[in-house]
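Structures for review follow.
Two complexes come next, and they have one chain in common, chain A, joined by chain B in the first and chain C in the second.
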Partner chain A sequence: MTIGFENRTVRVVIGFLTAAALVVVYLPPLYLVGVSFNPALQPALPSLGDISVKWYVELANERGLLAALRESLLIATATTVISVSVALAAALAYLELGKLRNAWFLLVLMPMFVPGLIQGLALSVILNRWQVVPFWGTVAMGHLLWALPFAFTVILTSMVSVRRSYLLAAADLGASWWQRVTQIILPLIIPGIVGGVIFSFLLSLNEFARSSYLVGRQNTLPLVLFGKMNSGASPTIYALSGLILMASVLAVALFMYLSARRKRA
Partner chain B sequence: MFLIRRGLALSLPGFLLILLLGAVPLTVILVWSFWTWDPATYWIKPNLSLDAYAAIGDAGRWSVIVGSFGKAFLAALLCLLVGYPSALAIHFVASPRWSFVLMAAFTIPFFTSYLIRAFSWRLVLGRTGMVNNFLMQIGLIDEPLDWLLFSDFAVMVGLIASYLPFVIFPLLLSLRKVEPNFLAASQDLGAGFLRTLFTIIIPLTKPGIFAGFLFVFIMAAGSSTEVQMLGGAGAPMISIMINDVMRVVNFPLAFAISAVVIVALFTIVLAGNRVFGLTKMFEDFK
Partner chain C sequence: MANSIGIDQVSRRFGEVVAVDNLQLEIKAGEFFTLLGSSGSGKSTLLKMIAGFDQPTNGCILFDGADVTRMPANRRPCNTVFQDLALFPHMSVAQNVGYGLRVRRLAKSVQIEKVRDALQLVDLDGYQDRDIMALSGGQRQRVALARSLVMEPGILLLDEPLTGLDERLRQQMRDEFGRLHKKTAATFVLVTHNQDEAMSLSDRMAIMHHGRLVQVGTPDEILHRPTNEFVARFVGLESIVVPDRVEKRGAGLEVIINGRRTEIPGFHGEVLPEKIAIRSDRMTLEAGEHGIPATLVEQHFRGRYYECTLAMRDDTRLTAEISVDAMPEGMDTGKTTSLGLQAGALVPVMT
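Presenting the complex of A and B:
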């Protein structure tokens, strides 16, 4: 598949532009991770001899951050459980819906196109009118709509490995719908479900815009981070940001690696 | 074997979720945007009026909305320019192993914190940041550049970095549908690379180009993280304006601005779907 692309100049130019795109995406976060290992107060890259985990150790004393982290983890867990279950049902529905499937696909994707701030505002106003006091659950409600389209798309993508002929053969042999789902579809789409779990969790954990109008007394981690970032607070902020970045990158990279290996096997 | 009835039953939880958490609140604020502000109750009363929409005309709010859409348009265009070569590299140039690595590299940022990534640009673009330090060290400038951060420039850079993955994936989906034979034929007939690119590859990937453009445009138009982290005081975007209006609890005005934005975005998505068939990009399933 290299027709027209064997030309050396073409390859070099495309390669260079791709590298430039990756630099735009990766340089700032990498720089931040580098800065987080600098024991000095001024944000700059540490010299090699100075590398220290001082700010990471000090994180343990940041009660406010830890409380916010707990809140965010709770919200992310609730969001993940519900969004993946609903997305799984939605993806199974896609298989059955025949001509309606395109409309269904578009409907599930629609919440993705609502600006987060507006979605959060609308939901909070309604909940307020219904006398619902904001708590972690209201934030999870806002996050659900953001996580669902992604979980749905990941699970749907993994359903490519479910051939229609498998399902037809199983049906011919007398398997009920429930048997076809549990014994054929589910085992084949496990990577999609795992992907849905990881993505939903991270999307909720990192969500900022949808949370601001929906939080109760305990702020979520991104909201606390936002406040600290704007008040010129201590470099622990770099450490925590670095930690979250590294954990997210590891989780997604591990998932992609494992699912690629599974595909090859 | 496939039953519409079962499909409808399975779609019920998702349908209810989208209806109750998404559609109903948005419809309600659309309706409430026509009500009037009642100072006695700090809430709104059902006096139908267009006051809130008239108020969008005050204080240059229209220009903020139009300006935000303009910036989103530019961000989407730039993302396409930056992302297209990367998509070509992943699909045509890289070996299978490298193509996987590159795809992973463009997927991963998608799931990391937008807030932290926007914040990290502050370290790079700030007065004592990486770029200014570097430019001063090589002697290109004597004073740090001020316009790098808290400016439209910084917002644009932040938007591009944040939403670049959104163009790569639609582009890849449509590149996969380009028949390699067409490229071979074009080469046989003596067309050079650029000619093949502009007369064959780009026209055949229009749906992907449009979908990628649309994703970035919509995300950028409604973005709040990048704007709040990197933007200057001079030129606010929609999200900042809504926050400001909400600070003085002017509900109808906030609702009216939201309604205008949502209606505009949904019109663009649905019209785009009609013209370019966004759902068709996923039709490889059976």
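Presenting the complex of A and C:
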């Protein structure tokens, strides 16, 4: 390897750039978490003696925020269940398809490239025409289009660990199609399924553009947070953000842990 | 209990490509049968159709005379040992071996017992809880065998299972196949491109080329009476000459090669062979003018013998393996020598 890593100057420069990139990416959210533990009203880092969970406690009284959180969790759960099931079916179909594979892959992936504002608008126009009153289900519909391509990609990637000969061998030993799916394919792609669940859930939880068109009487969390930011925020939103951030990190860590354990086996 | 296999006018086409071409073959119950051929000869396609992973374009597959052509793989009384073994990586040794029994919903205690018996059969009892990834290549091979044999199949299909093993392990596993065949009394069908494997294991074998059977017979028949030059070369008879003349003489043949008269005993056919193969390990070189005149073109030292390339009068090349102490004094490339033939050196090749 002669890409210059042995050169001292090059190493220092690359090290500096890496550190700078990491700071830019990770510092703002960490700052936010820090702010959420500051009991003062003005957003700033707390001094060590002042650290307090005041806003986290206060959060329990914020009816509007909590209702939005509940709505968002409901939508995220529905989106996750449907998107992972459909993605799994789509990935199994991909496994069976011959020449049509690439076309199928693109077809399922396509919604990822449609801008959320346009997709949300389009869906809301159609639902309006069919006289569907917007509710959490219509939001989940929009989120499904956003989450499905990601879940599909993650599950499909994990399918490489399913060799064709495993399925032939299972059939050879008497297994029906259903047994091959449940006893051979599913156990081998568990990391992909877990990944699909986490992706779908987080993508739905964060989604803004599509939600803004499709939402019913109860706003989702990102919509409420955005509204509150504009109308002079109560620091409870920092507490809520911190809570969501920490939950996300935990979820991703769990996924990494599971797939690492898988690889070792 | 072993099943017989009937291949009745079976063809398999992939678009324009004919992988198996109107093939007719009868494999007897309980025999060790080998399909020998190079890659692309159609031998693996034929095996897939017997296993039920592929369907013929035309023709029928019969087990014990009953048509199974449209029967799916999971209902056929045959099991396959795959080239890549296809052991399930998320299961232990016992779970792999017991998978077919679990699918059959046998009682847990019966499963445990049968798995133990199968592992005993391949010398791996006690390895039940091991991880597949923690096994050596030879051990994985045995697990794959046990996983098939635990099903007590009437037919065991072996799809080039020895590729990827080193030479010593290949020979060990080859002996293992022979032993297991005797013990289980099932019909074994082996697909391979290795003629030594085919010769040493088979009761009967078929040589495949371009989707057709070139010759079917016992290893002995194929080695001593190859139907044509392709078969002769495939089983290692590389030195093939067109004799000056061939005549029937009593119970044998009189052959004239390079002007010298010699005999092949025990030839009973009516049609005379067009070519003669000379076994490289049955040739000698002599100083005199007793044998067939030939010119030494090349010689390479191979450890225990010299590999000598000889040119005949019509420039046909022969390869002779001359043991180190049988090499005449002063022999060198470019010199004319006299080729002697030991008993059994000549093999008639029909076309």
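Everything below uses one rule, namely that the second predicted complex is superposed on the first by the 250 of 265 C-alpha atoms of A that agree within 3 Å, B and C clash if a C-alpha of one lies under 4 Å from a C-alpha of the other, contacts with A are read in each partner's own complex, and residues count from 1 in each chain.
Basically, contacts are C-beta pairs under 8 Å (C-beta built on N, C-alpha and C of every residue); 3 or more make two chains touch, one makes a residue touch a chain.
Just so it is clear, the structure is predicted and the values come from calculations on it, not from any experiment.
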Overlay on chain A: chain C relative to chain B, clash or fit: fit
In the superposition, chain B vs chain C on chain A residues touched: B
Touched partner set for A:L173, first chain B, second chain C, both or neither: second
Chain B versus chain C as contact partner of A:M141, first or second or both or neither: first
Chain B versus chain C as contact partner of A:V197, first or second or both or neither: neither
Apex chain A: angle to the C-alpha centres of chain B and chain C, given in degrees as a multiple of 10: 90
Partner chain(s) touched by A:P187 [first = chain B, second = chain C, both, neither]: second
Partner chain in contact with A:A87 - chain B first, chain C second, else both or neither: first
Smallest separation of CA atoms, chain C relative to chain B, angstrom: 6
Chain B/chain C common contact set on chain A: 163, 168, 171
Touching residues on chain C, where the partner in the complex is chain A: 51-53, 72-75, 79-80, 82-84, 86-90, 99-100, 103-104, 131, 133, 147-148, 151
Interfacial residue positions of chain A with respect to chain C in the complex: 161, 163, 165-166, 168-176, 179, 183-184, 187-188, 265
Contact footprint of chain B on chain A as seen in their complex: 1-5, 7, 10-11, 13-15, 17-18, 20-22, 24-29, 31-32, 35, 42-44, 85-87, 89-90, 92-98, 100, 102, 104-108, 110-111, 113-119, 121-123, 125-126, 141-142, 144-145, 148, 152, 156, 159-160, 163-164, 167-168, 171, 177, 198-199, 202-203, 205-206, 208-209, 213, 222, 225-226, 229, 241, 244-245, 248-249, 251-253, 256-257, 260
Residue ranges of chain B in contact with chain A within the complex: 1-4, 6-15, 17-18, 21-22, 24-26, 28-29, 32, 82-83, 85-86, 88-93, 100, 102, 104-109, 111-117, 119-124, 128, 130, 133, 157, 160-161, 164-165, 180, 183-184, 186-187, 193, 196, 218, 221-225, 228-229, 238-239, 242-243, 246, 251, 254, 258, 261-262, 265-266, 269, 273, 278-280, 282, 284-286
